[in-house]
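Next up, some structures in structure tokens.
After this come two complexes, each holding subunit A, first together with subunit B and then together with subunit C.
Then we have the complex of A and B:
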């Protein structure tokens, strides 16, 4: 039994299962919900299986040549600690969002939601498991198209407008990335990441490739000042879709940037790191200030995403001197932000269901009437602010400690200000949910499943704070960073 | 300057022209066309740079371009559908300007 389980190619399961169930859900819409839930649950198992396989290899990385064809001609699936981290985030958020969506979508929308959501999962998993830069392009496009379609699902004018902006931005980003791929392939004759990492030198062509791919990916990650498309798209999409977009889709582009940064572009790191750190700092401050100004909850959460993405980029200038602790901080930030942000958007969806609007000032005694949702908002807020003992606290603390150790007071101040502003916008929401609104309104019914799935995601984000050592051990990012040191 | 390099330069020119048009024009059909022209630019660069040495071109970039064309066709189809839907709901084929709202 033990033997058979370790023989299953879990990486293939992660890609094929959502792809197949997505098609089945499209053909037989009546089976869509059981298929979707089954896939979401199976993903957790497959990620655990894959993690176990990674740990049992010598170099802490999993390789699978699809169809028995190796690197230059065939497609190789590759997974290490970083891939495992992203796959875990996807599986956890995926399960929470899937359970929520069972009740959220009405008949007509559910028909469209489930197949596309499963295709999006397949694209995400394939993206995290790929080992060459061209397949990254293909999976990035699959992900972008699925995400845009989900954004447009509501069909309203605002949703279509947001989706259109998103589509134009994501296509532009992909084309810039593809041009970078063309330059790298022309210079070194391969698209395999590890081979490229061995051959690459700081030539003008590689600089141009870094500029193009970096710009394209930053646009897709919505780093300041290229975040213009994010708030309209994330605020106008249905609640579970906003959760997926904020928690997973932009993280995928960040993952590619980080992966390329650690391998191919490591000779160029020093000069580009300052710029990324600067943009990250600007994103933290600008995103938080904009979030504070918003009067609608979903827009507030969307701007909070812009700010939290900034934290991930603050790590780049710190990584040169203390790679392991910095990337561990990024791993924790990414993981806890994904869980907390998904919980926030799902809770916002509950409030929309409940009051029919998401104007913060008009929330009417939410705490008394929707206690579970209010608890989800509060707990997720704690993690977003970075208060102990949440996962967000561990991530921010690790990053802060590294910055202090290197005497980077500018980054320390940005992080602390970002935390204060985050506290301000979270308490603004919580404050209004305790009070009575000027205009009383009848409460719409909110299904219990929707309340509990939001709360469970928020609890997961907080519980992460207690599990820092085992979680970081399991991902073992030291190996990822160590491999870079050998190859560069 | 070799012929392949000239083609690659034209590709860069197409990419830049497309980028300019994408930013400048408000009408969505023009934006979608601009993205397609940018894509053609990238494909042209890939195909031109496939000529490495001798008479036999490198087949890998050609395979990439074919994949890229498939992606571009699907993306264009989605973009056109979105544009039509947007036109049907809002009565115009441009993005809503935030500053006017």
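Then we have the complex of A and C:
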């Protein structure tokens, strides 16, 4: 049993399974829900299997040449701690969102949702398992198109408007990225990341490539000031789609940026790190302030994403001196943000379903009438603020510790202010959910499954606060950033 | 298997688990809820009693769990921890009984008792924390779990009070976090150690250390209601009476004061702190808060607000005792942690009884209330005299040791503060007592809920009578073993004289 399990090429399963079930769901819509749930559950198993394979080979990265053809001609699947982390996030959030969607989407919408969602999963998993910059482009484009389609799913004017903006932004981002890839391929004749990392030098072409790829990815990650497309798209999409977009899709663009940074670009450039840190800081403050100003819950959560993405970028200027602890912090922040943000969006979906609106001031005794959803909001909020005990706290602590160790008081202050502002917007929502609203309205029924899937994701974000040591060990990011993890 | 390792964790879990289970219960399962609550409280009391006996005989109880690379979640039972744990566990038990009576028939009791248990879990965690990050964790958990209790009534006023509370406490939490991380980046450890763990740092770090001290004290001072960070406490009066009792006597305010004790003794160490020159300003600030709170209390007609300002004043006794930085003053400060808790919880229970039974909320409505509710007012009288510092009630013992300690440390001015505060306390408590006992009652009370031939419900009457009796008892019998005073002496001995 043990033998066969470790023989299965889990990386391939991760890509092919959602792809095949997506097609089947398209052909036999009646099977869509069981197929979707089965895929979501299998993903968890596959990620564990892949992690096991990486660990049993003494923490070396995982390589799989598809069809026996290696680089530079064939496609190589590659997985290390960072990939594993992102795949885990995808599997966990994917399972929560899938369970939620069973009840959320009715008839027509369900027909369209399941196949595209499964394709999106396939694109995400493929993206995290890719070892060359061209395949990254292909998966990124697939991901973007699937995400735009899901955004437009609601069919309302606002949704189409948001989706259109999103489409333009994502296409522009991919185009910039592709230009960069072309420049690098022209200069060095390869798209394989590890080969590029060895060959790359500080020439004008490389600089241009760096600029183009960076700008494209930043646009897709919605880093301030290129975040303009995010709030309308994330706020107008159906709740599970918002969760997918905020928790997973923008993380994919961030993943590519980080991957390229760690391998190709960081040896070249320090001032880019300063710039990224600066933009990250601005994103934290601006996003949080905007979130605080919103009167609608989904927009508030969307702006909160803008702010939380900023934290990930604060790490860049710190990484040069303390790579391991910085990237550990980023890993933790990304992981807990994904879980907490998905929970928030799903909870917001419940509230929409319940009251027919998401005006914060008009929430009517939510705490009493939807206690499970209120608990999900609160617990996810705790992690977003970065209060202990939660995954968000661990990430923030690690980042603060690194920043203080390097005397970066500017970053420290930004982080603390960001936390306080986050507290302000989270508790603005929670405060109103205790009180009665002026306008009474008919309450819609919210299926228990939708309430619980939001709560479980939120609980996962909180429980993460107690699992720092095993989780960081499991991802073993030290290898990725070129440091052997010191066993404690 | 060595159970000693797990007892501190079990003490924390003994209120956490009932709390979590209560959240999932149906609203009408009142009996099961009460059983769970009381069962948790009894188990916790038993475990704490076991640890008190063990620590007295130099046993070690310590739970360690990995939290972060190189940092652990540490729960450890030392003498100081146990003083606070015992206080909050015992008062939790009493307050639970009181809350069951107080909330009889009202809605959302599951939510209330669930968060009530979480609140005590956090307090006990604060008390047992063996390092600063564990402390921080439970300290923030305390903020979070008290918020729903504060806004429990769901009115606009409650929401506002909750908002104020959060603005103060979360800001304080951020300062505490900053101080903690900074300290960690300097020392590489956060483990509470007798006489502090920073003395190894060279003098070039002094200015950083002073800043850290200010950050930590400011972060903790918010909950301890140290001037000028006290603004949230009087506003929090909109909460139900058991919650006020919890805020003032068992959990929140105490957690802040306890944290300051920890920072001065086990992070910086009294001697190092005195060398840094940070204890004197803290003593001055505490002294000012004592007088300020008392003066403000004079002008409050709302009974609960008057008591709230009184708390602001009284909690600073603890801080003053610690900041004087001598062994005898330490005894006075630390023992006041318990004494103030017992006396103040009595007063708040009584205020709650007046409000629940006769709908009396203001001092000016209290004429002759002693005849209608003699037991309640008797308990109130004991609490009030204790606050003034009249012998033989517990408050006198605290003041006696504070005064002696100040003289011993050469800080004669403290005596003036103590006398001034006692006078002011007399000025705002004695008129209440005079009204209650010697004025004619009005023809009609604002409302009169009858409870048969009793003055009020049993569950409301017993708790204040019991706590008042304790406040009197531990004052009278202060020199017996295992009284708070005896235990405070043990703490001071271990802090100052033992290696």
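Operating definition for what follows: the second predicted complex is superposed on the first by the 479 of 488 C-alpha atoms of A that agree within 3 Å, B and C clash if a C-alpha of one lies under 4 Å from a C-alpha of the other, contacts with A are read in each partner's own complex, and residues count from 1 in each chain.
Rule of thumb we're sticking to: a contact is a pair of C-beta atoms (placed from the backbone, for glycine too) under 8 Å apart; a residue touches a chain by one contact, two chains touch by 3 or more.
The model shown is predicted, which means the values in this text are computed figures rather than measured ones.
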Open item on the list: Which partner chains sit in contact with A:186 here, subunit B, subunit C, both or neither? Use first/second/both/neither.
Closed with: first
- [ ] Using the superposition on chain A described above, determine whether A:9 touches subunit B (first), subunit C (second), both, or neither.
- [x] neither
- [ ] Figure out whether A:211 sits in contact with subunit B (first) or subunit C (second), or with both, or with neither.
- [x] neither
Open item on the list: Contact-wise, after the overlay, does A:29 reach subunit B, subunit C, both or neither (first, second, both, neither)?
Closed with: neither
TODO: Classify the contacts of A:152 with the two partner chains as first (subunit B alone), second (subunit C alone), both, or neither.
DONE: first
Task: subunit B versus subunit C as contact partner of A:419, first or second or both or neither - done: second
- [ ] Figure out whether A:447 sits in contact with subunit B (first) or subunit C (second), or with both, or with neither.
- [x] neither
Open item on the list: For A:400 in the superposed arrangement: first (subunit B), second (subunit C), both or neither?
Closed with: second
- [ ] Sort out for me which residues of subunit C touch subunit A in the complex.
- [x] 23, 65-70, 73, 107-108, 111, 133, 136-137, 140-141, 143-144, 147-148, 151, 154-156, 158-159, 162-163, 166, 170-171, 173-174, 177-178, 181-182, 184-185
Open item on the list: Can you tell me which positions in subunit A touch subunit C when the two form their complex?
Closed with: 328, 365, 367-368, 371, 375, 382, 385, 387-389, 393-394, 397-398, 400-401, 404-405, 412, 416, 419-420, 423, 427, 430-432, 434-436, 466, 468-469, 472, 488
- [ ] Under the touch definition given earlier, write down the residues of subunit B that touch subunit A in their complex.
- [x] 15, 19, 22, 28, 31, 35, 38-39, 42, 45-46, 49, 52, 58, 60-61, 64, 67-68, 71, 74-75, 78-79, 82-83, 85-86, 89-90, 95-96, 98
Open item on the list: Using the touch definition from the top, list the residues of subunit A that touch subunit B in their complex.
Closed with: 134, 138, 141, 145, 148-149, 152, 155-157, 160-161, 163-165, 167-168, 171-172, 174-175, 178-179, 181-182, 185-186, 189, 191, 232
